[in-house]
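See structure below.
By letter and in written order, the chains are A, B, C and D; residue numbering begins at 1 in each of them.
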Amino acid sequence: MTEEHSAHSVHTAPKKEPGPSLFPEMERLVAEVLSGIEVTSEQVVDEHAIIIDRKDLLAVCRRLKDNQRLSFDLLRCVSVVDYPNESVFQAVYHLYSIGLKHRMAVKTGIPYDDAIVDSVTSVWAGADWHEREAAELLGVEFRGHPNLRPLLLPDDFEGHPLRKSFKVPELDQARFRRGRE
Amino acid sequence: MAESRLETVDMFINMGPQHPSTHGVFRMVLTIDGEQIVDMKPHIGYLHRGVEKLAEGLRYREVTVLLDRTDYLAALNNELPYVMALEKLLDVKVPERAEYIRVLVCELNRIASHLMFYGAFGADAGATTPFMYAFRDREEIQHFFEAVTGGRLMHNYFRVGGVRYDLPEDWRERLTKLIPHLRKGIVDCERLLSDNEIFLNRTIGVGQISAADAIDYGLTGPNLRACGVRLDLRRDQPYSVYPKLEFDVPTRSRGDCYDRYLLRVEEMRQSLRIVEQCLEQMPDGPSLGEVPRVIRPKEGEVYVGTENPRGEYGIYLVSRGGDYPYRVKVRAPSFCNLMALNEMMRGCYIADCVLILGSIDIVLGEVDR
Amino acid sequence: MEVVWRESPSLALANGHGLYHHLPGVITAKTDYLFAMARKSSLWPLTFGLACCAIEMIGAYMAEHDLDRFGVVTWPSPRQSDVMIIAGTAVKKMAEPIKLLWEQMPLPKWAIAMGACATDGGPFQRSYSTVQGADQIIPIDVYVPGCPPRPQALLYGIIKLQEKIMAEASNRKAAV
Amino acid sequence: MPEWVESIIRVAIAIGFVLTTVLVLIWLERKVIGHIQQRLGPMRTGFHGFLQSPADAVKLLVKEDIIPAAADRWAFQLAPALVFVPIFLTVVSIPFTRTLVVRNLDLGLFYVFAISSISIVGIVMAGWASGNKYALLGSVRAGAQMVSYEIPLVFSILGVAMVAGSLNLETIVDAQRGLWYIVLQPVGMFIFLVASLAELNRTPFDIPVAESEVVGGPYVEYSGIRWGVFFLSEYANTFIISALAAVVFLAGWRGPLLPGWLWFLIKTYAIILIIFWFRATLPRLRIDQLMTFAWKLLLPLAFVNLLITGLYLVYDWPRWILFVASVAVLAVASRLVYVVGRA
């Protein structure tokens, strides 16, 4: 992460007011483990969610996984959401701890003009295909991913279909008219 | 000794996308040395239908149609997390009867899915009859589904706040006939394979994966429980009426093909137990709660994971107001389970690789989505 | 259920070689009839399922519906099959393999489009990655509607295909 | 009638008989397996699907015959014949009854095994010539498997030859007057059946043609009647092996009341049904387990059987001792498999 980026504040999908979490105990624990890292809590219906800067992602994930009291050993899902109005992608990591049976979400913003984020495959091997899929369908690059080849789409496919700007090509209507006659 | 002038090269074998035992359109490129596998490269995407993009263009109620078709062996289990996510966003209460109906059909669906696994696994091992036995019982379940939901395979049955139709009038008779039939069917299935000497030799110790690796790769469901990790979202993150029901979460220790097989057979028994309890405890009342006429959840997001027959089926639903979901991300269990395939296949034989793939029990519809 | 009643191009090709043109019409018509009887009684599909419909297709082979009654048994290699049942969504990435498989099948061959996806794209019609109907890839003889069709519907589709095979033979007879 | 005319007629009848038998067998297999699997099998073509096999055959005859571009043309075309011809040559010396035989040879037993092992060449050739990796893999598997199992197969028969004191099939049948060799040579019978299943590439030893692994193995690129010939030879082989077992272990045409040829057919079909039954029940072994089974179990077992038979002949023991000893050997062996398998 260059100097320029770390100077930016946290990239996030706006409109969501940072507020007190509905899970105060979890919030306190996470804040304790992540001391020294800038963390914003977010209000989500049924789990604790934090927003972090993308430069801290790897450190945060490693701490969340290795800490005995949190031990988030299972990466449930990596979702990337496109927010074109704010020119930002948001990567959401849903974590679960098998032993302690608790869950949380980690979010980080990735700006359009520099769509790169660290890969978490070194923390959870299971992030592999999730990240490949996101790279392919949304065009976000994951730095440090061992193998970021296309996964789902044919080789000659152009564009990133899950971006909001991607328009599905119109159907060949003439064909259906022919069929009806 | 004179140096041999013979050179050997590794042979590549392309398995799929059309191959009898890739369970759909999975493709793997095997590097083999004789009969042994040196390396395996999976290729997916031959059934990538763009469900997540399509869902963004549909109204909230219509999305279940697509989710049905992701994991087409357990369609009802896919609808559940989605409607649960919506209910959380909308803050809708579900009547108890509806919850029981949901659990009832989900568990029957789990049995049907595991039966399909059983048949396909038998076929991978080279036996033809297990498929027939499994489908005999599967058909019976599908007949019941047809009476309840109107569909054999695709149901589109769960609604926000309940289920589409109440149970048919004769559901108790149907179910009391179905349960002993299934119970006997499971015994038949077990007698055909579980103790077969050849089958044991083929599966024990094949495709082993350690618990630590399994968790690292994000395995869930029976594949993880076969390694000895007791993770079952029905119990650990209780939802619906599962806390009121009694069932065991079986685990095995070795984490090989045989354990994965045996675990699923045991799970069928447990599901049957749940079905029986649903039959006893089914309360009266409405099957659909108070739901706003137009579904327009407030801004927000929610992630709901439920226990699908293959593992954790999660829905990450983002709403920014309006009639259409902003983003529907599907966390498909097979997609994650398949990542561990390479780990399991280290140094096995070609014949094993077919079995290992079968034992993970993938559905390409949700791998590719 | 829609059956395309024009002659399969493949059949014309298959009959168009060797002795066929040198024999008197009466004999060729009679042999045509015999061959058609044999062909319709032994339709071997390729073991090949794409998506959801494949499950109902498997269901049709199984004990309850038992396609074997009609002499329909699957073969894993395209070289030994007569019918391709396209059971499920054909996506763009899969189009090329489907075409390859179709070309590997020996003449005469037929194709059944099973389900809405194979007919016109079905619920995934508007997607960026699906082919809107398998007939954009290979010629289809019978379309079986449904999403997914019941095994009985597939059975009916196969009976329709048998009728079509017989009708082709009688048409040829009439032409003589 | 000159002798050569008679011979030709006999050969023609034999071949015609085998061809019809194959059609019946294919139909029978589909019916039997169907009923085991709680379904009906062919029903629509003729009475209970009886015309199913002829329909399949006619269809295959008029199917396009593809020779892939990657194939070795000559070898590809020659391979089916190489599989087909040896199998029909073996029919020559199998006695259906004392008179119903093309030519009874003094070395009949030896002749059958010598000729039938040629068909391996055809299968390997087919796999090699196809220019397909599955076919190559399948044919290499077939080569390994069939060569390995040839040895226990021959040794299992050796015991019978020792007891009967002849390689002439007619003499062997005559020697079974009163007591069938299944009693004296149960170990031999067991090894013979197992090894011949492997020779036939049938379940649980259908590794070379495994549908779920190598998609039909050596035959994957064959279409139309060329493939039909492979299919046909497979079933002809099944019939011949079963007939041989019936002759060698079940006293061929001997039996009370019914005519000899009927007894012969009953015994043969009984064995064929057992083979079908296996197919409907058992999963498939893996190639290394298959090899282990042949070399570490069947071959030593065959040697033990030879030893016991030899002792029986040398010391002129009563017959029941041979029977008891053989059964004991079989029991120990199966226990051994069980223990090792579960370890």
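We adopt the following convention: a residue touches a chain if its C-beta (ideal position, glycine included) is under 8 Å from a C-beta of that chain, and two chains touch if they have at least 3 such contacts.
All of these numbers come straight from a predicted model, not from anything done at the bench.
Set against one another, A-C and C-D show the most C-beta pairs in contact at C-D. Distance from the centre of chain A peaks at D, each centre being the average of the chain's Cα atoms. A straight line joining the Cα centres of chain A and chain C is 46 Å long. In this assembly, the C-alpha centroid of chain C lies 36 Å from the C-alpha centroid of chain D.
As a whole-number value, the distance joining the C-alpha centres of chain A and chain D reads 62 Å. With centres set at the average Cα position, the gap from chain A to chain B is 25 Å.
Within chain A, residues 152-154, 161, 166, 168 each touch two or more of the remaining chains.
Counting partner chains per residue, chain C shows two or more touched chains at residues 47, 62-64, 76, 93, 126-129. Across the assembly, chain D contributes 37-39, 211, 215 as residues in contact with two or more other chains.
Every pair of chains meeting the touch criterion is listed here: A-B, A-C, B-C, B-D, C-D.
Note for the complex: chain C touches chain D at residues 14, 34-35, 37-39, 41-42, 47, 62-64, 66, 68-71, 73, 75-77, 79-80, 82, 104, 106-108. The part of chain B that touches chain D in the complex is made up of residues 11-14, 19-21, 35, 122-129, 132-133, 136, 192-193, 196-202, 349-352, 354. On the side of chain C, the complex with chain B involves touching residues 46-52, 54-56, 58-59, 62-64, 76, 78, 88-89, 91, 93-94, 97, 101, 123-124, 126-130, 147-148, 150.
Residues 92-93, 120, 125-129, 132 of chain C are the ones that touch chain A when the two sit in their complex. Across the complex, chain A meets chain B through its residues 15-16, 44-47, 73-77, 79, 81-82, 92, 94, 96, 98, 101, 103, 105, 124-130, 137, 150-154, 161-162, 166, 168.
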